[in-house]
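Heads up, there are several structures right after this.
You will see chain A twice below: alongside chain B first, and alongside chain C after that.
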Partner chain A sequence: MNLDDALQTFIVESRELLEDMETALLSLGRDADDCGERVNAIFRAAHTVKGSAGLFGLDHLVSFTHVVESVLDDVRAGTLVIDDSLVSLLLACGDHIGAMVALIAAGRTDPDPALTAQGEPLLARLQTYLAAETAPDAPATAVGTDDRAGTEAARDGTWHISLRFGTEVLRNGMDPLSFIRYLGTLGTITAIVPLADALPEAEQMDPEQCYLGFEIVFRTDADRASIESVFEFVQDDCLLHLLPPQRGIDDYVELVGRLSEPPARLVEVLSLCGAVDGDALAAALQGGPVVSAPLAVPVAGAADAACAEPQADAAPVARDSARDNTGREALARETKSRESPSIRIDADKLDHLIDLVGELIIMASGAQLAAKRVNDPELQETHSALAGLVEAVRDSTLQLRMVKIGATFSRFQRVVHDVARELGKDIELKVSGEDAELDKTVVERIADPLTHLVRNAMDHGIESAELRAERGKPARGTVRLNAYHDSGAIVIEVGDDGGGLQRDRILAKAIERGLVEPGRNLSDGEIYAMIFEPGFSTAAAVTNLSGRGVGMDVVKRNIAELRGSVSVASEAGQGTTVTVRLPLTLAIINGFQVTVGKSVFVVPLDMIDECVEFSSEPGHDYTNLRGEVLPFMRVRELFALGGAPEGRENIVVVRHAGRKVGLVVDSLLGEFQTVIKPLGRLFSQIRGISGSSISGNGEVVLILDVPVLMERAAAQATADRARHSIAA
Partner chain B sequence: MDTRASLPIEGEMTIYRAAELKDTVLAAIADAQALDIDLSMVEELDSSGIQLLLLARREAARQGKSLRLICHSAPARESLALLGFDDQLDPIGVTA
Partner chain C sequence: MNTNASRQLAPVAVAAEPAQFLTFLLGDEVFAIDILSIKEIIEFRNLTTVPLMPECVRGVLNLRGAVVPVLDLQARFSRPVSQVGKRTCIVIVELTNAHGRQVVGVLVDAVNEVLEIAHDAIAAAPAFGSRIRSDFIRGIGKVDERFVILLDVDQVFSVDELAALVDASADATV
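After this line comes the complex of A and B, so read on.
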């Protein structure tokens, strides 16, 4: 079997279903209402994965998922109570199924021995739930054994299949015809009698609803599970009764009792398909319905579980191709019926589009410059209209890459669940601002740093239950994830209601490590920022999660690579909040061009507060901005450009994370849309430059990294202060 | 008025056209004394199509009109047979 489109669809959908399943599992513990609905959602996810896998003949996937499904079925039926350990087991099973799907995505449709071995302990644990549930339930076990005996004895026997399709089957994109056709590949349909008794009057008949039912006599050597698997896709939406090969008149009597059509009509139909002698059945029915038939008609459930083993090996190889076709058809129809207003696009195609838009922007500004030189009003007018359109195209294109952060946030439910168990703490995750959007690339790359921050908050932030009780806090700790937009950036907050950072301990440690000179006055923010220094950890105990001093510096570096910044706020006894600021997109920025000597620089526009003419307090690196002290840096000195300014200099006032700094430049060129091109590896060590771009006239311009420059300014200011305090 | 009217159905008789075909078929029955539904140009017949034919047959019988299915195309005949119907929508019973 090659990786055709249907299989791709299966893989994508399975992943989504597994995600849904995980979300539903994690939400189970949180609040008790609509618990049933969530269990149903979990069951449906497992069920659909199994059903689709069956259509592709992925028997190893089917047999594993089948056991999971059986356990879930018991939960759904209320015979098994879902608790924490079962949730964890089911999460692990979800991961295992995910791993199998990943293997299939990699082109291996046969079972991988190593992976199967990993699945064994999970299966064993699932079986304990099944065993515990069925053991006291004697009749159910009896049915199971009877059924299996029947299967053994009746290889190549005939089964009786009674089918009534639900009204919504057709609308859900499934055609009873396809199921009957597929059934035919498993054996021989020796008789089939259609029932359209449910067909309403012409006016009431909805042509898109299904009113059909069938009585089928089917000769096969397949077992019950295989026959049932034919109807996997409609199992929730059809009434299926299977009578095994060794069946007596009593079974038919019971079947008639279970069906809604009048007995006389059923006698007619059943005798027409040669399943039973009509007179004998009528006579048996006269004797009154047999209430407690010893050989019940198991629809699904317990008997299902008993068949789990034979199912995998009984599947004949020859029908694989037929399955494949039916699978494709079913999936294609399913996709069609679900046609939603969104489409999937290859990320590569999107990246290519963004690249093209980038080139378009560069060319457009080049053309605009050229138009200015020609000085033809008409040409200039068209170009400015064109520039407007290009800008609109840019915005919509970037919008395509924007995804909601909610999906990333919801992944943390799992992280918090697992880590909380590992730590033995009771912690809940509260998420807000899921609708904030940001670039897909940023989302992908922020997941790791966020994970670290969340783990850190759980491990170091949240106190042990005893300590919390002592401090009069609720036993259950809270970790918060919040996101919102703030002037061209997205802000993500990771907060906890734990003990807060220990200011003095951090300071002591910083002094001990020589990061700070003793006796220096530092603001709380500056002290807290120390936790991002390499090798810095104040954790009293090193756990296997965090506290080994690797991590926070990596977090900071990762965020810096995304042109973002990170800061900490903390209140003793109340908790800590780490705030991460990130640009919305990495690809294109609105910039402001400035020159220093012959060099052209771009400052990201969303960081610029204002531009003022240069002035300074004599002998100091700061100026008086409407009564405020504004420190500034000379770009010429920062990058050792040399030369002297011709004419008046200007100050660009930039703002970042609540602070303001001035950048002294020669002249101001104006706004400029810039496509960011990353600097080559050779220049990756350069501080203060975040990327390069090409201006309309083909010159290279450098993009200033304002956060890094601000840091330098702050460091310089502290150094100055130190110098002054020593002098004084 | 005593000649049989004929209603040819073209293309696919599937769920995608079910609503439209229902109206067509019921209108044709109402207009005619006797109707032949010509299936020679049916390229695909699914369960919803078969249901419509069943409805047409019952509706014609209710109005005391004669209805026949004629000139079945191969796909139409195959679908009918698969679900256990003969050419005039009667159950076949034992098929094999």
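After this line comes the complex of A and C, so read on.
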């Protein structure tokens, strides 16, 4: 039986369940109402993980989750009150289970000693909660349980299980061995004897039918219901007889009577598994009254055992309505009860689809060009329509990769929860704009930088409770996460209502590190931007969260790799907001082709405001754009292309992060959409080119990196100013 | 450091079969590259020049949807840039190194035949005397009384070195 696919499903679904568990636990801390339903949800999550793990024989996972489940059961029953420390403990247990699942995902299905050792203290703490509960249960030690007709609370008794699997068990997808394994997690199998007596001759044997039976001697402290629940999935399909710990020889006699194998054979088997002394049983079979009726008349023996017998018949009792036999289906039912109809797709398949759509776009562009050359109106019209359809397909496909940022934002609830406790501050996370969507790969890669920004806000931004009281602020600090779309980009803001950035300290530190010459006049924005320099930190003390100064520059670099940008705004005493801008897609670009000399470049369309004819104020590098001063850069000079422009030049007005700049180019070729192809490691350091693309005629065109060019121009201007001010 | 080790290893190679090399012309000199590194040979076509590149990087081209950089070997050997002639071709070479697989194109003046050169016919590169860098030379093969310089592909097209060159020239112009 190929378990690999099922195991993958198990891993994915366990992760989802653990996430649900975490969310529910965190929300318990906040709102006291509707507790009951949330606790149920948490319990169900743990229970499902345990059950599924059992099907795969992942015993270490089962045993750990079992203890967690027990504690949750007590909470659910109301015998245990859930408080803050229990929530933290359960969160930690959730993490531990997650770590075990991660190991399994990596291929290790056996327990890892290091990880198990980590789980020990958690188990110990869980046990303290359980011990408090089990103390009143003491008098359960076995003898005389006839008042509890329904349950056997035998502590550490030895049961005898007689099991005959039905013929359809294999066809229904059940593996008898997995049940035995699972049984093993509830206790110790001291003896087991398989019976293949039902196996017919080779010609009559059907390989898809199950002919197996087992006689098992089982030591456990579980109760009857638990043992029977092990065989839940095959209860309709097999014969199960359970003999409780307090049993006498007569119970065996009865069992022999019930089973279909010849008595002699059964005596042999039962003595083989050490359940009973063979001779004694044989003698009893000869002598004593053999009861063949299904409902046992109490024979001389422990009264409780007799009470228990009818229960053995109750084993095949249909539990809550027809449950399917396949474990996977049961799992699927759990998950189906969650919301929206969605479908799980391999990320690889999606990437492949997007590659194909990219190639389609390039070909469609080429076809359109060719159609233009042929100059046949019908052909051109058809191609126009084709291009429209291709664009629609492109947009749809890109949408497939878009995920809401809300999922990432909600992960931060946990981060804020834990860090707030670490810092001893009372901090709340307010989230807005969860519906803003962005590309899947961007979401994955933005999580780390955002985490760092949030931690920074909590550690450095929000002041201690006393300081906040002094300043007349509410004791609970707030960290804000907000997301929205803005002209082809997605903007994510991380804000706090803390003390704000300390302008003077940053300036002092920058001067100290030689980044700025003393006496320079910098704007607030420029000073705040210093915090992104490597090794920069004005924190007086280094905590394990931050202060080492390795954070913000890594954040900036990560964001730059995503072709995004980051900026900071702050007000002393009020708070700080860090704004991250990211492009909406990484793969396909709407561009505008321009020529400069013999080269063709592409400018990202979403950054273009307009195109105007070239004109400039005499002697300066800026032009008059309807009364506005527009500085420009000559692309020819920027890239040292040489040569002189022939004919009229044009200015492409681009806008980025609120600033407008003009790019002087030769001619404008028009709109153009295509797939971005990275240039490769060789060109990774080129500044000003963000990638390449294949134009309709098959040639490679380079894409201008507008933000970088603007930065270069600004840096150049600052350098010029510095030179002039020194010379002056 | 690596080059010394690999040069010492070359003569000791125990492969039974003789290796095959593609010979090509640069100017009037004959060079050769092990065909195991060669993916394909294509006709010269227009390249897109990338600004601010050192001379040895002629540009990039579109190889069935992938953007491949094309190098000028003459410039790599610190000689004047090659002129495009009638027989100019681009040899597409695939390298595997620490960073994974890299595909690079090489501009050559003309492509000759594939020769089989036995291992004992390959002598180690001379310590000095050759006009190109000695770590570019894997060995000197002897074919019919002529000498053919066998190039060490990993060194000549070392992406790290080229990237450093690119950085240097990019910085220089800022």
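Methods note: the second predicted complex is superposed on the first by the 509 of 728 C-alpha atoms of A that agree within 3 Å, B and C clash if a C-alpha of one lies under 4 Å from a C-alpha of the other, contacts with A are read in each partner's own complex, and residues count from 1 in each chain.
The working rule: a residue touches a chain if its C-beta (ideal position, glycine included) is under 8 Å from a C-beta of that chain, and two chains touch if they have at least 3 such contacts.
None of the values given here were measured: they were computed from a predicted structure.
Residue contacts after overlaying the shared chain place A:P207 against chain B, while chain C stays out of touching range. Contacts of A:S523 after superposition on the shared chain: neither chain B nor chain C is touched. When the two complexes are overlaid on their common chain A, residue A:Q286 makes contact with neither chain B nor chain C. In the superposed model, A:L272 lies in contact with chain B only, and not with chain C. Using the contact criterion defined above for the overlaid structures, shared-chain residue A:I694 touches chain C, although it does not reach chain B. Contacts of A:N375 after superposition on the shared chain: neither chain B nor chain C is touched. Touch criterion met: A:A640 reaches chain C, while chain B stays clear of it. Shared interface residues of chain A (contacting chain B in one complex, chain C in the other): none. Put simply, chain C touches chain A in their complex at residues 46, 48-52, 57, 60-62, 65-67, 69, 99, 102, 104, 159, 162-163, 166-167, 170, 173-174. Every residue of chain B that touches chain A in the complex is listed here, in rising order: 15, 18-19, 21-22, 26, 46-48, 50-52, 54-55, 58-59, 79, 82-85, 91-96.
Residue ranges on chain A touching chain C, taken from their complex, read 359, 362, 598-600, 639-641, 677-689, 692, 694, 698-702, 712.
Against chain B, the residues of chain A that register as touching in their complex are 170-171, 175-177, 180-181, 184, 188-194, 196, 199, 202, 205, 207-208, 210-212, 214, 217, 269, 272-274.
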